[in-house]
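The same subunit A turns up in both complexes below, where it pairs with subunit B and then with subunit C.
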Partner chain A sequence: MNGIDGTDRQVKTDEGPPPSLLAVVLDTNPHAWAHLSSTLPLSSCIAALLIFINAHLASGNGNEVAVIASHSHRAEWLYPTPHTTSPSHRSKLNGSTSSPNGTIKIPENPNKYRPFATVEQSLLQNFSALLSSTKEAHLAATPTTLIGGALSLALSYIAKSVLRHSPVDTGIENPLSALADSESSHTARVPLTSRILIVSVSGDLANQYIPVMNSIFAAQRKRIPIDILKLAGDTVLLQQASDATGGVYMKPEQPEGLLQYLMMGFLPDATARRSLVMPSAGGVDFRAACFCHRKVVDIGFVCSVCLSIFCEPNLPDNLCLTCGSYLSLRAAQTATPALIPRKKKKKKRAGGGDSATPGGSTPAGSSTPMHL
Partner chain B sequence: MSASSSQALEYLELLPRQTHTKLYEQPSTVLAIFRCMLPHLAKTIVMAMLYMPTPFAASDLDAWFRPDGKREREKALAVLEQLHIVVPQQDAHRRTSYELYPGFARSLRQALEGSGTHRSFGVPSSTPDPKRVTVAFLDEYARNQWENILFYMVGSTVGLANAGALAQDVNEGTKALLRAGDFVKLAHGRVSITRAGFTFVLQETNAQVWSLLIVYLKHAPQLSMSETDVLSFLFMLGSLELGQDYTTSTLSATQLQMLEDLSAFGIVYRSSKDALTFYPTRLAVTLTSDSGALSSSEPLAKSLVSSNRDGSAQGFIIVETNYRLYAYTSSLLQIAVLSLFTKLTTRFPNLVSGKLTKESITRAVKLGISSAQILSYLTSHAHPQMQKTQPFLPPTVMDQIRLWEYEGERVETTNGFLMKEFSSESEYRDVLSYAESLGVLVWKSDAKRLFFVDRVEQISLYLQKKKNRSG
Partner chain C sequence: MADSDYSIDGEDASDDEYVGPKAGSSTRAQASSGKRKAQATEIPKPRKLAWETEPSEAVANPVEAAEEIDEEVLEKSVQEREEDRKRKRLRKDTKPFQRGIIRHVVLVLDLSETMLERDMRPNRYITMIRYTQEYVREFFEQNPISQMSVLGMHDGLCIRVSELSGNPAEHIAAIQGLRFPRSLQDLPKEPKGSPSLQNALELARAMLYHTPSHGTREVIIVFGSLISLDPGDIHQTIKACVRDRIRVSIVGMSARLRICQEIVSRTNAGDESEYVIATDQELLRELLLATTTPPVIRSTEDTTTTPAESAAALMMMGFPSRVVEDVPTMCACHGNLTTGGYTCSRCSAKVCSLPVTCPSCQLTLLLSTHLARSYHHLFPLRNWVEVSWERARERGSRECVSCLSTFPEVPPEDVDDEEMQDGERLQSKMDGDAARQRRMDKEDSEEQKASESARYECRACESHFCIDCDMFCHLVLHNCPGCLSMLNPASEVQENGDVVMTG
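Right after this comes the complex of A and B.
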């Protein structure tokens, strides 16, 4: 009689892994790629990335991909090509490629699988458009890349895709109602597992500490792992990103072998990772960047109200830059930091990193008067 | 991996090495096998090894997997070895390492990179077709052809008056194939459906297509067609683009012959028998992708599985806790299928209603339909309103249908192999755990050191390897 037991009442429908969405953030910072050009030119990196994306698409029939370039002056979609007229309708399911929007024509190639050709074509076109639109003024303005913007683009795309995939909602005209109970609705059937891969070449991202940290916390909350492939430079931030979200962190010793790193380390999706040992960043540097000068600090001063971090105690008018509450740090300065361990940055590393930013950091990103 | 592709996988696994070697020459075939036949972890292993310059040492592979992932690893490797994709090797120090079969690796690389000049992803017709057809037409055509085949099987059994009129469209070759596959049998000049036929009818469309094609494949040698050619053509069809016309000039003689049969199934469309182009229909392009009648994003479900094109595209059946059943359909085929296990009472223009009764279910069970098949049919065609609850069907109805079936069935049979006479407890344990990790173990008795498996190929290989190692 065990067979009629209520426990197996669930008719087995689909034992296959859920479809997986891979959002690739490619750091296209021209300065950094110029440094790397002797070992790994950007073109061969993109070639490797395309093969990796094809491998990802081939790994599951419902698999999807999104590629975002984090350039020096803007974050740009490489794939899917954003529609200017109807942004809501992007269908690029692997099995059934609906005809691409009229702007991009895919040449017929009998040697290539159609969905692969579609991705490759639009990615390369958008990328060359991005490169040709880059002016010298843009390059001179900043030596770094807009990783924060690219990350939030990726996150918002993933959020939208998850909504599209929660099948119960498909018939509902009002997208807001789906938004309201999104927590409960997509438990119903085939959920979309998503992950973000950042191919990073730029160092020194501390000036974007706040937006990046906010994205990390958003990803953590949505259980989206952020994988980091660090080809050059070193940033505290990205290491923390993969650590906090349970992603993979790799800093290849030989960037030439990029493709093998990608195929072995980053291709397994959430389902496969459950039975694999994944590489992670051994010792993670948990240091934070201060809110006033965007410097990575060992010891800082923390606002007692909003937990903003400052590298020096001389605040204008003794007011916190983020929340505006009265904050006199002179007392902290008079004694040597070693005598007041409670004020030390070190003390708040574990919990502080989590609670520091969501509080009120976003306005600080734009309104800080002391930006250097 | 869905149910439909696992059938194809079973078929592929039984092919000899030479056939595999030949199959792996075509990148489109390799890609299709990779995409829809391999278990998830096997894909991961293949991809990790694809661009690896040296063989993958078994010890490294072990280290890559978590200790609790051993079972999955064994399973994945077993499939890969069975398909001759991964070749185990032993070096001078008796260390095992794995290597991808070179032909497979080369073709998969070509497929991923889009390199080479194999032209295996279909050559589109260069001249514009004056009589170009639309996607909607292709869908309609495919659905008509396929429903005719199904109706030919079901219609006569349930005794619908106009069954004959509809079934006339099914051509002789297809009828012969259905008989050969044991889906229907001819008794007293009348077609009646068999147990296998019921299993077939209640499957999802994609699984049905594969079942029929596998029968086709098994009979290909009799029609003097080479299996490899047939298989690679099917896999190529799976990678084509819907609504595009492809030229027939690059096809082999076997494949041209196939085109004719496939257009009878509704898998491809040709405007006439000697047309120079062909169009793949939705049945073809979804051959190698997920069928998933349940996944809402799949257009196949909308256009093929249910034939009422208005509003409620996918689900149309409502079952109440009092065993009453309402089906919003006007398709004769759907009604015929429902009447196999339902006592239908009323028919309206867009609705039939009836009741699931003990008689109707036991009658269905006697015909060879299992309760699991009935439940999965009802579940996969559940009305969107029903899909709001989890599970879709009322639990009391599900349990009762099973109970009704169990009343008649006390004994269950499985074909397989009994393993016995193990020399030691440790050997017994070792082979047993291997069988368990492969998922072929059906029954065991520790006291008598006996166990029973339903597949034996992998185990005999394993035993042989063990013998070589010790000897």
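Right after this comes the complex of A and C.
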């Protein structure tokens, strides 16, 4: 788009460490925070988060931050502040001169670094606006949180910021650079490194399985690590998110020490992490949940049409419970022909019902991850 | 895009390409080259793109649509053109079809001397090698539980570049090995001689013969030449391919060939849209990448002669857990000492990476995330619509919902007449629910164009997005940030602006 703008910025950033964008997704699920209130009230969590954000902003000149609340009935921007979309008539007047109605007034405080104050003010104001807009009906409607939406917002924001920093970043965007410009343009630019931190308190996220999975793959493709700080509850989904994207997964024993965990575990950005030994999740539970009973299985039966996972091969009338197609188990049983070379890998093999029961090879029962 | 194929067809294909193919047996290609010009005038221009494999009945009047586009093309700002070009890459048809998620693909590369042509920089061969590597990566990104093999048409023969496997690194190394052999004894495979479509199809057929019936069998040919030097009757081969339910897609260069058209149409139940011509290298890349989308499974009613396209099956799969070890142990796949890995759910053998077939008990081992990676093909995100100034004013949108970048200002009400009419026309179209629905269906299958207000609207949540987010959400994320940010109390599962699969 505006190449001139991009090159201007480049000159500035060439020297220091690459600018880093931190997108924080704060799970503000009221149900879960109500449970936590005795150990870690939401207010002190936000206080700790603000200190953490300030530390991030202070550790690099070009560092940026974005904060999104994943609430029970909506996912909302906390920082930067969106201009509220005003329906119909009000917006008819030219909006450039009239002050946007979303602007946050920052009180002048000579004792505070201005960027810190900006973030703090807008975050607190937007958050209290979000809380006051929450009705009892919203709370009654769902026990969980819109983590899928918040993640999608964060990813799109990051994608756009990366574009803003280097307009011709990937070969996909511009047709001709693929051959000629590739060497010259790529080395000259310092790309924006970005990461996502999810402070999660909610448990079951199974209803957002597909959106969250899509987000994970998008993050994987764009090489955006997703860090998880799990204060309460437990989801295999988020653990897989951090594992797939190379992020940090932490489940503190004592949530009271939140600030400590944030500062020690999550402050280093992608550049710094290369020279650190990051806490690893160790063994990760990758077992899947069957679509029929939500039972965790380690051997499952998969519909070749819609990829639904079932825990047993005997479906009623041999029809897939999700897409209704007729599934022949016979087709899955045909043996590999002998003349195929050893290298050939077959994506199907089954022996009827002989081992339909999940074997004893993995620890039985729960879906809790194995922390070592 | 479709039109350009034809303009090239008539003129550009210099006839000297056809003069004196060395051997006498290239009868097919020569005969077809004779017919070629007559053909170009007879056949109506197909207004279809590579990925639009089903003729959509929703496009009631393609002629009218074409005129509309032509008018608009004339008055386009540079930025709109840019956005136009980007949006072309969006999937044309987001209607849910049953798609063949488990694919078995043989990629056939043309390594004949025509590939030394310099109409692509630095030449066709190097361009193709470069793009196919990217293609293989993207293919496995989109189809993680699929298999691929690479063949090459070289000097009349069909050579095997890589075996059928699900490991992208293997294929990429093999394709690179064509130019830069890994062992010193091997000579690089420089383009040489003539290609043979028959040999390629026969070898591909042999490779795909044993693949299970619930997967697809596809041959994708990158074909730069204008001849095919075949040892026998290629029509017999085509018949055999049809019998074995192999579908062939061809990405040609420079000109359309009658024989290619026939191969594609016979193996795709009369649908010729899988035969596309890349007139420049960017188009070549796009057309290749378009084939990474899993193909639509054709319903079997209309084609009674061919066997069922795909027998759905239940597949047994293992979902292993990762183990962490302090002491290195031997892995079952390579026999190397490694710490950590995945243990097979059935026999507890340790493997290094997933997805893989257990080397000891042959169970398919993968992560549930590998399956989830294909979900966006099954539940695609519906395309967003262009927003007229009128609509933008109505919604009062100022900035992109997901990236918060500001939109261009809505112009004041007294816009010139032309634009007014435009808005009114759209407005009147929107009247009535039925009309709206029809419009949505129409736009679903229409070409995606740039929006005059630089806004794009999700029809489910009515949020407005910028062009960059539009591209990102449809090409990478496959989520609508707007829909997912609002709780829809009616549905338990998040809706996501996806279309619902009808089966």
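Everything that follows uses one rule, which is that the second predicted complex is superposed on the first by the 237 of 372 C-alpha atoms of A that agree within 3 Å, B and C clash if a C-alpha of one lies under 4 Å from a C-alpha of the other, contacts with A are read in each partner's own complex, and residues count from 1 in each chain.
To be clear about the criterion, contacts are C-beta pairs under 8 Å (C-beta built on N, C-alpha and C of every residue); 3 or more make two chains touch, one makes a residue touch a chain.
Predicted, not measured: the structure shown is a model, and the values here were computed from it.
> Once the structures are superposed on A, label A:Leu131 by its partner contacts, choosing first (subunit B), second (subunit C), both or neither.
neither
> Using the touch definition from the top, say if A:Ser215 reaches subunit B (first), subunit C (second), both or neither.
After superposing on A, A:Ser215 lies in contact with subunit C but is clear of subunit B.
> More residues of subunit A are touched by which chain, subunit B or subunit C?
Larger number of subunit A residues touched: C.
> Who does A:Arg274 touch here: subunit B (first), subunit C (second), both, or neither?
After superposing on A, A:Arg274 lies in contact with subunit B but is clear of subunit C.
> Same subunit A residues contacting subunit B and subunit C, which ones?
Common interface on subunit A, subunit B vs subunit C: 94-96.
> Which residues of subunit A touch subunit C in their complex?
Those residues of subunit A that touch subunit C are 72-77, 80, 82-83, 85-88, 90-92, 94-96, 100, 138, 141-142, 146, 148-150, 152-153, 155-157, 159-161, 163, 173, 175-176, 178-179, 207-211, 213-218, 221-222, 240, 244, 282-289, 297-307, 309-310, 313, 315, 320, 323-329, 331-332, 334, 336-337, 339-341, 343-351, 355, 358-359, 361-362, 370, 372.
> Flag every residue of subunit B that touches subunit A in the complex, lowest number first.
That would be residues 1-2, 27-28, 31, 34-36, 40-41, 43-44, 47-48, 50-52, 63-66, 68-69, 72-73, 110-124, 239-243, 285-286, 289-290, 292, 294-299, 372, 375-376, 379-380, 384, 387-388, 390-391, 393, 395, 398-399, 402-403, 406 of subunit B.
> What does subunit C use to touch subunit A in their complex?
On the subunit C side, the touching residues are 85-86, 98, 101-102, 121, 141, 145-147, 163-166, 210, 212-215, 281-282, 285, 297, 310-324, 342-348, 355-357, 362-364, 367-369, 371-376, 378-379, 393-406, 409-410, 412-413, 464, 466, 468-469, 472-473, 476-481, 483-487, 489, 492-494, 496, 501, 503.
> Can you check the complex and tell me which residues of subunit A touch subunit B?
Interface residues on the subunit A side: 1, 3-4, 6, 9-11, 13-17, 51, 54-55, 58-62, 93-97, 99, 108-114, 116-117, 120, 165, 167-168, 170-171, 188-190, 259-260, 263-264, 267-268, 271-272, 274-277.
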